[in-house]
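Note that chain A is present in both complexes that follow, paired respectively with chain B and with chain C.
Let's turn to the complex of A and B:
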């Protein structure tokens, strides 16, 4: 009897111990759960925001790898029939890929002209005082306040009469109206951060102005040039109205071609989506390269 | 013999006159200090000497040739600024070599000169770094080395040590004249501190509101300033002044009347201004010596710097500073006995020109 009792008692003891132990666990459990819960809570808002931002891009991507039939008939998150045919259309059909080439040509031309013209202008604004310099600087900026549509008609008429219509140069020059002031403004901020004494030291050392400007000065504002070029590139790349008005066939940009995809068989959704995906790529690449410079630009109070 | 001559140089910017009719001749191998407070025109004058600015009127003549309108690139000038100015995108080596590279000197010569300059200024270990990775003192040494390698006829140093800490400043101040003396250039050194001018020696030009009030050997300018302005500029803390009346061998200083002694003796009757340096305003009669003048002033402020005290006191509407050794802390607004030594007086006419200066004891001894 004794033998059986003792184990029973000990069992009971063990029981209470285990419940106590369990109780301990129960006490700890909510805190651990809270820790586990806190991490997702912190991420809820950003996650929702990122989904919200990326949803259209994701949708565009899935559309670009679906067939037209699937796009129009079913609602699904991932294509049943994964296809690159839409992309192949763009890469093989000159009327499509010419659009990208045209866009790239005038965008690069515009960026080079804008930054090239803005560099000396910004230098003048940052280094010299002359009659009405502040007014002129402000007036340059006001050019950006007008919507491009305002200038579409005069540009069309002007370029038609001087034979610039439907050339890459026409679009590049038209975009300069908006990009040169912006580039001047950005570069002026960066240049004013370089002490004037550096210029003078270079002259004292014997540098001529052009040599000083290219060898000493431009490397110092390299990030500013990068930021200015980026903004010129982006504006020119996404601007549709002027580019479309000033071109017909020879220099037609991709964004204009994309708006004319209605064929006899209806809208070509898949190809349009593929074109959209490809249009995003250059911007993404450029942003990747200048992302650090833009942060610097913000720190300098411009951009 | 290289000389730089400024002939009636005036610079007007807008409605302000930055430099007022400056004429002076600087000679080769000399160290010339431009001494004056902030905004007195030291930098403006240097910029005119360098050719960075063109004078509104007057001529700058180098070795007998008029270089007034000549761009700075064509002149033999080197300049070092108060801010540490280097090319941040180039290495220290390239920074120092830059004037030689622009002049298209042979590579071996560039290498040798850069090494030599870097060694003199003790930055030979930093040559591969960029200026922004260096300390302030090393950055300024880089700028100095660049000025040195050029071997220019005119070396302009615009408060080169003002932004350095005390120890580095002393060290470089000692090295600088020695380093540039080898090149035989005309050295011009701007400073706001009278003590720095005295330590550097050479010649000193005192500036006041764009005008050179006096130019000559530093000690001479210090001991026998032509006028009140020069004396005021060349004294730190500022010189004490008071208007006095001399009549029949007696002097009226405020309300006190004493016999005219020391610098005051033998003056014609009339009104004068006397000036004396803060270290010649004493708080005890023993320091002032025999023949002292005793006045009673009111204590305004006391500043104590380690072992010295600056006691600011008011006497007859004048604020004076007494520099005395040891720690004195008189109560503010309390009367204080002040002792003057008439042997130490600078006596000026009311229009500012010097009548009598104290005899220098150093000379006598």
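Let's turn to the complex of A and C:
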């Protein structure tokens, strides 16, 4: 990007309040106190928004540590009897915790497959012109636009006929439908940001292509691979319709198992809430690791 | 950057093509196959031509679901995009708390969709939900299982809760890429806040906004799990969007021919509208961008 920085002298002069509040480069020692004073005002909108986001999650949490009786009979913002019984139900019952294992297995499989096949493809798109490349790219993206509901039934029939029904691989492959195009799109954006001279220098230095790709090129786009993996993980983790349609018992995801808390004795709200809370954890962990790249991923993609 | 012509690049693309062909092309062909045939069971199919298509295009049920779907996507875009931009603008550019905020904001994006539905189903319930209970105590008659308007409000607020962060994150990334010098130059010119937004920030945001609008349109148009969990498409069919209707038809009633024709029309509408958004949004700024 072109950096049209103004000389330091004039910058100091125009150092008005609002550039300071933005935390501009020019803001330095003298006005720390003024900055601190202005911070609360700027934070009002984001804070309100975050409260709005957290309220429902908070409610789910308090429900998960209440007894069913307390949930139904009284209305408390904070539980009277703090209990982890609901969580214990999940951790001790294999039919519950198997669901988490199943979900994790197919999500990881999907992420590995998607990024694995997307890497060479994205390289081809970013470096070469070939017959039908633009059409192919667009065709890939159209798959991201395909409603899963359209594919639910055909997938069921396809995977049943090839004997993949109710396996982790079936769900992983089905989720490739929308994750592979996304991974190609994101990686292509990152790869185009790497100068071509690097490739050429490596060839002159006598690197073979696989060695160049793994030793030199992949470290260059490490953050891009991280972002792509994150998005694949995310969209595979949150999808339910296909995952539910393609599994019966062996590979049933946790989110499908959750629906069975409706039993003869009514809803088991506490366990439902606990199961919901536990589904937030993998996402929260993953998001923490990629927090600096999340937004970058799409921003760099070619449109 | 000049790209080399290299037909061998196809070998790099081959795995992706094979994989996506397996998980997209074969199922899509199945759908096309069903859409032009009819069956009396026993796997005996016969040619039905375009009957299913005309049938769907004329059916009242499809029209109302389509109308609801467009209304929903329209409302979603009208709320989420401006709100997302506003929040991204209000976020400080640097600071200790920025990463914390981003992580908290991204949290709803990583919740499985049916859990999102469950969260809101519980949250808005009058008997045990914080929101429903509070509204009831305030004397507002709110019941999303009985009243269509309340059901709509719940579903819309849920979607805003779920997806606005995506717009915020994208816009925030776009704003981060604007050098400070731009703002300083605007200060010298005495530009107003609105002028800064209109002539500096908005043009820079154009690219990420295109992605945000496209993604939000596509995903809201395909929405299935969340409203299904919260309202089940009801009350009546007030929140029966296209996907819910389709799944009902295909898996509930096993009406394959009609569902297949429905699927193809549905898919084509998404493609068409996405393409329209893309052309309008890129066409408008071609001159200013290049």
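A few remarks follow.
The rule is short, and it goes like this: the second predicted complex is superposed on the first by the 247 of 303 C-alpha atoms of A that agree within 3 Å, B and C clash if a C-alpha of one lies under 4 Å from a C-alpha of the other, contacts with A are read in each partner's own complex, and residues count from 1 in each chain.
Just so we're on the same page, contacts are C-beta pairs under 8 Å (C-beta built on N, C-alpha and C of every residue); 3 or more make two chains touch, one makes a residue touch a chain.
In this text the structure is predicted, and so the values were computed from the model without any measurement.
Greater residue coverage of chain A by touch, when chain B is weighed against chain C, goes to C.
Legend: residue contacts after superposition of the two complexes on their common chain; A:204 is shown touching chain B, with no touch to chain C.
By the touch criterion defined above, A:45 reaches chain C but does not reach chain B. In the superposition on chain A, contact of A:220 is made with chain B only, not with chain C. Of the two partner chains, neither chain B nor chain C is touched by A:98.
The residues of chain C lying in touch with chain A in their complex are 1, 3-10, 12-13, 15-17, 19-20, 22-24, 26-28, 30-31, 86-87, 90-95, 97, 99, 101-115, 118-120, 122-123, 127-131, 133, 161, 164-165, 168-170, 172-174, 176-177, 179-185, 187-188, 207-208, 210-211, 215, 218, 221-222, 224-225, 242-244, 246-247, 250-251, 256, 259, 263, 266-267, 270-271, 274, 278, 282. Chain contact summary for the complex, chain B toward chain A: residues 50, 52, 71-73, 77-79, 81, 83, 85, 87-90, 98-99, 102-103, 143, 146, 150.
The touching residues of chain A, when paired with chain C in their complex, are 1, 3-6, 11, 14, 16, 18-19, 21-26, 39, 42-46, 49-50, 52-57, 59-60, 63, 71-72, 75, 77, 113, 116-118, 120-121, 123-125, 127-131, 133, 136, 140, 142-155, 157-158, 173-174, 176-177, 180-181, 184, 192, 196, 234, 237-241, 245, 254-256, 258-259, 269, 272-273, 276, 279-280, 282-284, 286-288, 291-292, 294-296, 298-299, 301, 303. Note for the complex: chain A touches chain B at residues 195, 197-198, 200-208, 211, 216, 219-220.
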